[in-house]
Amino acid sequence: MFRAAALTPFHPKLSPLSSSAERVRYAETDQMGIVYYANYLVWFELGRVELLRSLGLAYSQMEKDHKLILPVIESNCRYRHPARYDDEILIETRPALVRESVLKFAYQILRAGHDGEEPKLLAEGETIHVVCDENLKRMPLPAQYSTALKKLMRS
Amino acid sequence: MFRAAALTPFHPKLSPLSSSAERVRYAETDQMGIVYYANYLVWFELGRVELLRSLGLAYSQMEKDHKLILPVIESNCRYRHPARYDDEILIETRPALVRESVLKFAYQILRAGHDGEEPKLLAEGETIHVVCDENLKRMPLPAQYSTALKKLMRS
Amino acid sequence: MFRAAALTPFHPKLSPLSSSAERVRYAETDQMGIVYYANYLVWFELGRVELLRSLGLAYSQMEKDHKLILPVIESNCRYRHPARYDDEILIETRPALVRESVLKFAYQILRAGHDGEEPKLLAEGETIHVVCDENLKRMPLPAQYSTALKKLMRS
Amino acid sequence: MFRAAALTPFHPKLSPLSSSAERVRYAETDQMGIVYYANYLVWFELGRVELLRSLGLAYSQMEKDHKLILPVIESNCRYRHPARYDDEILIETRPALVRESVLKFAYQILRAGHDGEEPKLLAEGETIHVVCDENLKRMPLPAQYSTALKKLMRS
C-alpha cells in the first residue's frame, strides 16, 4: 500500500490527486459476499493519508509534532458496484476544500482493470474534517499544510 | 442490545421509531481516544436491524426466506460530538422513505443521559438501500415489509 | 449488552463468572457466512470488561483514575462451531490467574438455547494481560482489583 | 500490499516463507495508542493469503473453483511489542503442518527497520485450519495445494 502513492491525472476537470492501491481483505467482506459498507470509509482514510504523505506531510508526524488531529465532522459515500474479496482497488483522493480549519477531501474507489481494461468506479464520497488540537479544540491548519494542499487544488 | 427494541417517541415532528442501546467497545475507539468514524455506520446497521425486528421482520429471516438482501447505495453521517469508550449510546432509527425497491432510513446516535440528564446527540445520518435478490438484482420489497414500514412512517 | 452482567454458575469445576449477552452483527460476518475469526477476540474483550464491571471495577475508570491499562501479551482461541449472523451469544468470563502484574482470563462463547435447549459452546479461549501504566511500563495491580479478582477465583 | 509477496529466508531453522508488507491503519489502533489486539489475526490472514498466492494458489480461486474454504479451528498470538499507527510492518508466513484436511500456518509480525536497522519482532502466532466444502463439511486438500505447501516446508 505505502509504495503506491503518486500524483496522477484523475479526471480532466479535477485536480491531480493521490492514488493508492489495496487488495480487498477477507475481513472486509460480509455474508452478502461483498465488502461491508463501513469499510469504504476506512479506505477513504487510507487515501487521505497517502495524499498527505505524497505532499511530504505524514499524518503520524502531524499528530506528534503539531499535536494536531483531523476528526471527521461529515462523511458520505455513494456505492456504485460492490467490491469483492481479493479485488485490487485503487483509492483516488484529492483535496476539495481548504479553509482555515476545515478540510474536505473527495474520493473515488475503483477496481483495477486487467489486460488493458479501464478501471471500474465502485464508490465515491467525501469527508469533511475540522483541524483540532489534542483536546478537540479547533485550531488553524499550519501554513505548510494549507499551502501544499491549496497548491495541489490549483494544479 | 437485542433486549432494547421498542417503539418510542423520537421527536415531535418525526415518526415513532426503534431505539436500541449499546455500550461503546474498546475495539471501536482509535488513538484519538474517540470512536473511529466508520463505526457509526456499524451502529446504523444495528439500528435498522432493530427497527425491522420491532416490526416482526428479522433481517436474518428476510435473507433466508425471501432470498432478499438490502445493499446500501448511499450513506452519510454528520458527527456532532465524539462517542467515547464505555459510553452508553442509543441508536434511534426510523424509516424515511419506502419505495417499491428503495428504502431510506434515518438515524440518530445519542449518549444516554444519567441522573435525569437529557441524552446528547452525537451523530446523525441516513442510509439508502436497494432491495435485491441474492444475485444483487433489484426486486420489489415484499408487501408485508412495505406495509409495516409505511404504517410506521404514518404513525 | 450492558444490562446482562451477572454472576452465574458456569461449570461445576470452574469459578463463578460474569456472563454477558450479545447479538452477532452483520459487520462481524465474512463471505463464508460465518463470523470472522478475529471478532471472537473482540467478544473476549466485552466479556472481561463485564467481569470487571460486575465487581464494581469499570475498565474506563481504571484507565482514568489509575492511569492503568491492560495490554494483551497472549491470546488464544479454539473455534468449535461457527457463530452466525443474528445469533444470540453468551460470553462467559472468569479470572484464571491473578499475579502482581499479570492477569489471565478464560472465556467461553456460547449460542443461547431456545425453548429449553442447552446453550451450545461455539468457542473458548484465554487472554493474558500485563498491568501497565500509560507509558506501557509494568506496574502492580491496585489492591482493590486483585482482592476482588482473587475472591472471585476462590468462590 | 499485493506487490510484496516473495520467498525470503526467515530464520536459519525455519522454512522459507512468504513476506508481505503493510502499513498500520488508523482504524487498527485503539485508545491505548497501539494496534488493537484482534487486528493481528487480520494480518495473519493477509500473510497466509500471500503465502498461497506466492505458490500460484489464489485463495479467491480456491473458494470459486474448488468450493473450498479454510475455516480456522485454533488461533494464538504472543504480543511482544506494540505496533503503532503508520508503522511499516512485515508479515512473514510459513506452512507449519500439512495434513490431509488440516493446515497449520506460523506467522511473525515485524516492524520494518530503517537505515540498516534490523526489523523488530512485534508478535508471532499460529493458526490451524480445517479444509471444508462450502457447507463446512471436512474434505481433503486438493493435491496441487498440498504438494506445493509440502514442497515449501521441505525447502
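In this document, chain identifiers A, B, C and D correspond to the written order of the chains, with residue numbering beginning at 1 in each.
We adopt the following convention: contacts are C-beta pairs under 8 Å (C-beta built on N, C-alpha and C of every residue); 3 or more make two chains touch, one makes a residue touch a chain.
The shown structure was predicted, so the numbers you read here are calculated from the model rather than taken from an experiment.
Student: Farthest chain from chain C, going by mean C-alpha coordinates, please.
Tutor: Measuring from the centre of chain C, the most distant chain centre belongs to A.
Student: Between A-D and A-B, which chain pair shares more contacting C-beta pairs?
Tutor: More contacting C-beta pairs are found at A-B.
Student: So the centre of each chain is just the mean of its C-alpha atoms; given that, what is the distance between chain A and chain B in Å?
Tutor: Those two chain centres are 26 Å apart.
Student: Which whole number of Å gives the spacing of the CA centres of chain A and chain C?
Tutor: Chain centres of chain A and chain C, defined by C-alpha means, are spaced 36 Å apart.
Student: Which residues of chain D are in contact with two or more other chains?
Tutor: Each of 26-27, 31-32, 34, 38, 42, 45, 63, 85 in chain D touches at least two other chains.
Student: Under the stated contact criterion, what part of chain A meets chain D in this complex?
Tutor: 1-3, 21-23, 25-27, 42, 45-46, 49, 58-60, 63, 85-86, 88
Student: Help me check something: in the complex, which residues belonging to chain D touch chain B?
Tutor: 26-27, 29-34, 36, 38, 85
Student: Mind listing the chain B positions that touch chain A in their complex?
Tutor: On the chain B side, the touching residues are 31-32, 34, 37-39, 41-42, 45, 69, 71-79, 82, 127, 136.
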